[in-house]
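What follows is a single structure, written as structure tokens, with notes after it.
In this document, chain identifiers A, B and C correspond to the written order of the chains, with residue numbering beginning at 1 in each.
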Amino acid sequence: MKARIAHIASNTFREAVRDRVLYNLIAFALLLSGAAILVGQISIEIEKLVVINLGLTAVSLFGVVIAIFIGIGLVSKEIEKRTLYTVLSRPVRRWEFIVGKFFGLAGTLVVNTFFMAIGVFAALFYVSHKFVRADALILVALYFIVLEFLIICSLALLFSSFSSPLLSAVFTFSLFVIGSFAEDLRNFAGMAQGLSRWLATGAAYLVPNFSAFNVITSIAHEQPVAGQLILQNTLYALFYATMALSGAVLIFERRDLK
Amino acid sequence: MKPRQKTTMVASACLIVSLAASSFVLHRTDQLRPQATLDEVLFLSSPKVIKRASLGYDGLMACIYWTRAVQYFGYRHHYYAASYNLLAPLLEITTHLDPHLVVAYEFGTSFLAPQPPHGAGQPERAIELMEYGIQNNPDNWRLYYDLGFVYYMELRDYKKAAETFERGSHVPNAHPFLKVLAAQMAQHAGEYETARMLWSATYQTTQDELIKQNAVEHLRALRVDEDVKHLQEAVTRFGERTGRLPASMAELVAAEGLAGSPADPDGHAYKLTPEGRVEVRVPNDFPFATKGLPQGYKPQAKFRAMP
Amino acid sequence: MSAIEILGLEKTYSVGFWRKRPKRALQPLQLTVEDGEIFGFLGPNGAGKTTTLKLLMGLVFPSAGSARILGQEWTDPSVKAQIGFLPEQPYFYDYLTAHELLEYYGQLSGVPAKQRKHRVERVLEQVGLRDVQGVQLRKFSKGMLQRVGIGQAILHDPKLVFFDEPMSGLDPMGRREVRDLMEQLKHEGKTVFFSTHILSDAEALCDRVAIIHKGELRGVGAVEDLTSSVQGKVEVIWQGTQVPASIKALGAQCHVTGDRVRAIIAENQQDAVIDALRRERQRLIAITPVRTSLEAYFVEKLQHAETTAGRAG
């Protein structure tokens, strides 16, 4: 069982790489080095701030785009192209397929983020010429970004299991945007009355809460991150991804592959 | 069907458990970071930057910042905070994103200008905000009213208040009372009647619940202040006549020919202390009263210290 | 033990936006396939052949009924390790090479690493793709993809193989090779279940066939048994340039080519035709029995069904 999931995961990774996904790193590297050089010349006390903010935001956005673009096709493309038939005629359970695909995509993003992290630290070194202890916070921000990716991957996979690539992209992207404002959504819900309040609060809890994961601004100012928050974010990401994947499994188990 | 049923059961169980667990963790995280959305405001308080970052969705962002401003103030006010540093930037960002969000200006009048713990204590910034509002909404008479209000209530600059009300009265469809207020400023600025007029006007013309409630509290406080002032004067007169303090409120009432037994707007009778002070029975019910408060009274924060 | 026992599998799709109109893709099907035989599943396009295969593969869920494959419930995942499947017009991960695909599928089928290498090479040899094993599948022609498909179906040495239209997209050489391969599989003791609408292939290969039309089973049996049930025909050739009226009256199909006339007549009309020719003084050249084809059986079965439906409907 685990072997099959691992094989599916590594094949998914292989597919992403051969789809030239990792070429995005070139664009990222160009962006970041361009910015670092530009800012290094201006030198107005905020170079580090710009590099960290820009670098981490780019890591996050690039990754989200990749997660959505690849994620939405993970299942639907296989059904459309009927490559799935010969896979499922083997002793592969449908749920193993979903889980394997998830790990493959997540793995791709982790590898991608790893290379990007090197880029960020390199750019940082270029503008500051040294590392300080506070720079370790960047690793925390990156970790949170990876947690965000896990959630997005699971959502993209969920939508891919029953809807077309275009709709999946729209849904996943919408949830990403709404999730970034999830705390505001809860505030809105708090101000509503009666039935709307219940519905809005329910929606606010169902939507992925990305606000707690976005610490880019504060770590750019060298504010520490509470250990408790790291723990809770990890738990939240795990639970949320499990929820979305369970949904994907339930849907996919039932689907007639016409 | 058996393996499929098993998978269905396991997956359904996972779904429900993880849904509950994630909601629980989310709730805990919220408690860990109250007002966390405001972190950005701390670092990004330039309205121009935020406007650019909104990518054209200014209206929506304005709504979001407006709700944050309300939450921010409400949360801190609950704890009788001593400072509201972020209120001004939040309102400035809101109005910069949407200059026609009139309720934000009104909010500034009611809660930016007054002193803590009931406001941010920044009347100058409130005035800046109002002027910005008037610039962008020159035909909205309410904004002139609100601006004049700040001059009157917080700065006690009756001349400027009169000027502002006068300006406002020339706006098409202006409420007639603007002209009346302008006139009142000139003659009867310091009187209770004028203050009452203003707070009543605010109460009647605003749509926002918080501002309405605030106005009501002020009206109640005015009533108490006025009552206590009259009663205190009665005690003084009594003292001058008899050379001693009245033994009880009943004696004072009888001796000075006052109407009935004096009670505050909640119906509780005013107390007369042995030292001859007139006091309200429950000072906490009248947060804005300046008279009738027991000596050494400090409004109690309802909970522990401000996080 | 039968290789396949289909016990009343049926499938009805709900078509239409509000799921109002049910479309019956497969009527309750009862069918048994014995161990070690090559079984042909015949029918025109849209008859329900692919639906049946998908039901057996677990790709589609039945509205009712069940099946047993190699003695086990068809939904049992362990069954999958012993069967191979080639879908119709298959498509594979085009970013993989043939070798990589077979490796991957071998992994998924649970073939141990040591055996896998050996088997992949052997299969590539068997389907004639050894020389292009390092080429990405996106560059493969339809015929080559078909071979890859066959390869992945037999890679893990399954006891039972399902082919859906295995000859489609192949040139005559390719089709010959596939036929040889299927014979080879039978020789190895495997059971082959394949669907096709090309009757000549079925006739040549199959031990038994089933005919399905519009979701309903029309006939099952050994090829000879089926064809012998159809009335025999005889071909008569004589020298002449026109068809005598008496022969025409018999309702024969006649063709005139040059100075010869060919007529296909029913077996029992043979004597009548010979007499007619003698009377007309036509010179008889040849009388040959026409081997009844499966096609005739097929067409007759389908027409019969149409008329029954016409009368009933």
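Side notes on the structure shown:
The definition used in the following text is that a residue touches a chain if its C-beta (ideal position, glycine included) is under 8 Å from a C-beta of that chain, and two chains touch if they have at least 3 such contacts.
This is a predicted model, so every value here is computed, not measured.
A complete topology is adopted by the chain contact network, contact being made between every pair of chains.
More C-beta pairs in contact connect the chains of A-C than those of the other pair, out of A-C and B-C. Chain centres here are Cα averages; for subunit A and subunit B they lie 43 Å apart.
Subunit A and subunit C, compared by their mean Cα positions, are separated by 48 Å. Annotation: 84 Å between the Cα-based centres of subunit B and subunit C. Annotation for subunit C: residues 77 touch two or more other chains. Within subunit A, contacts with two or more other chains are made by residues 93.
Of all residues in subunit B, those that touch two or more other chains are 3-4.
Remark: subunit C residues 13, 54, 57-61, 77-78, 80-81, 83-87, 90-93, 95-96, 104-105, 107-110, 149, 152-153, 156, 162 touch subunit A in the complex. Of all the residues in subunit C, the ones that touch subunit B in their complex are 73, 75-77. Subunit B meets subunit A in the complex at residues 3-4, 7-8, 11-12, 14-15, 18-19, 21-23, 25-26, 28-30, 32-33, 36-37, 39-40, 43-44, 64, 67-68, 70-71. Remark: subunit A residues 93-95, 181, 183-184, 186-188, 190-191, 205, 209, 211-212, 217-218, 220-221, 226, 228-229, 232-233, 235-236, 239-240, 242-243, 245-247, 249-250, 253 touch subunit B in the complex. Interface residues of subunit A, counted against subunit C in their complex, comprise 3-4, 7-8, 11, 14-15, 18-19, 81-93, 254, 256-258.
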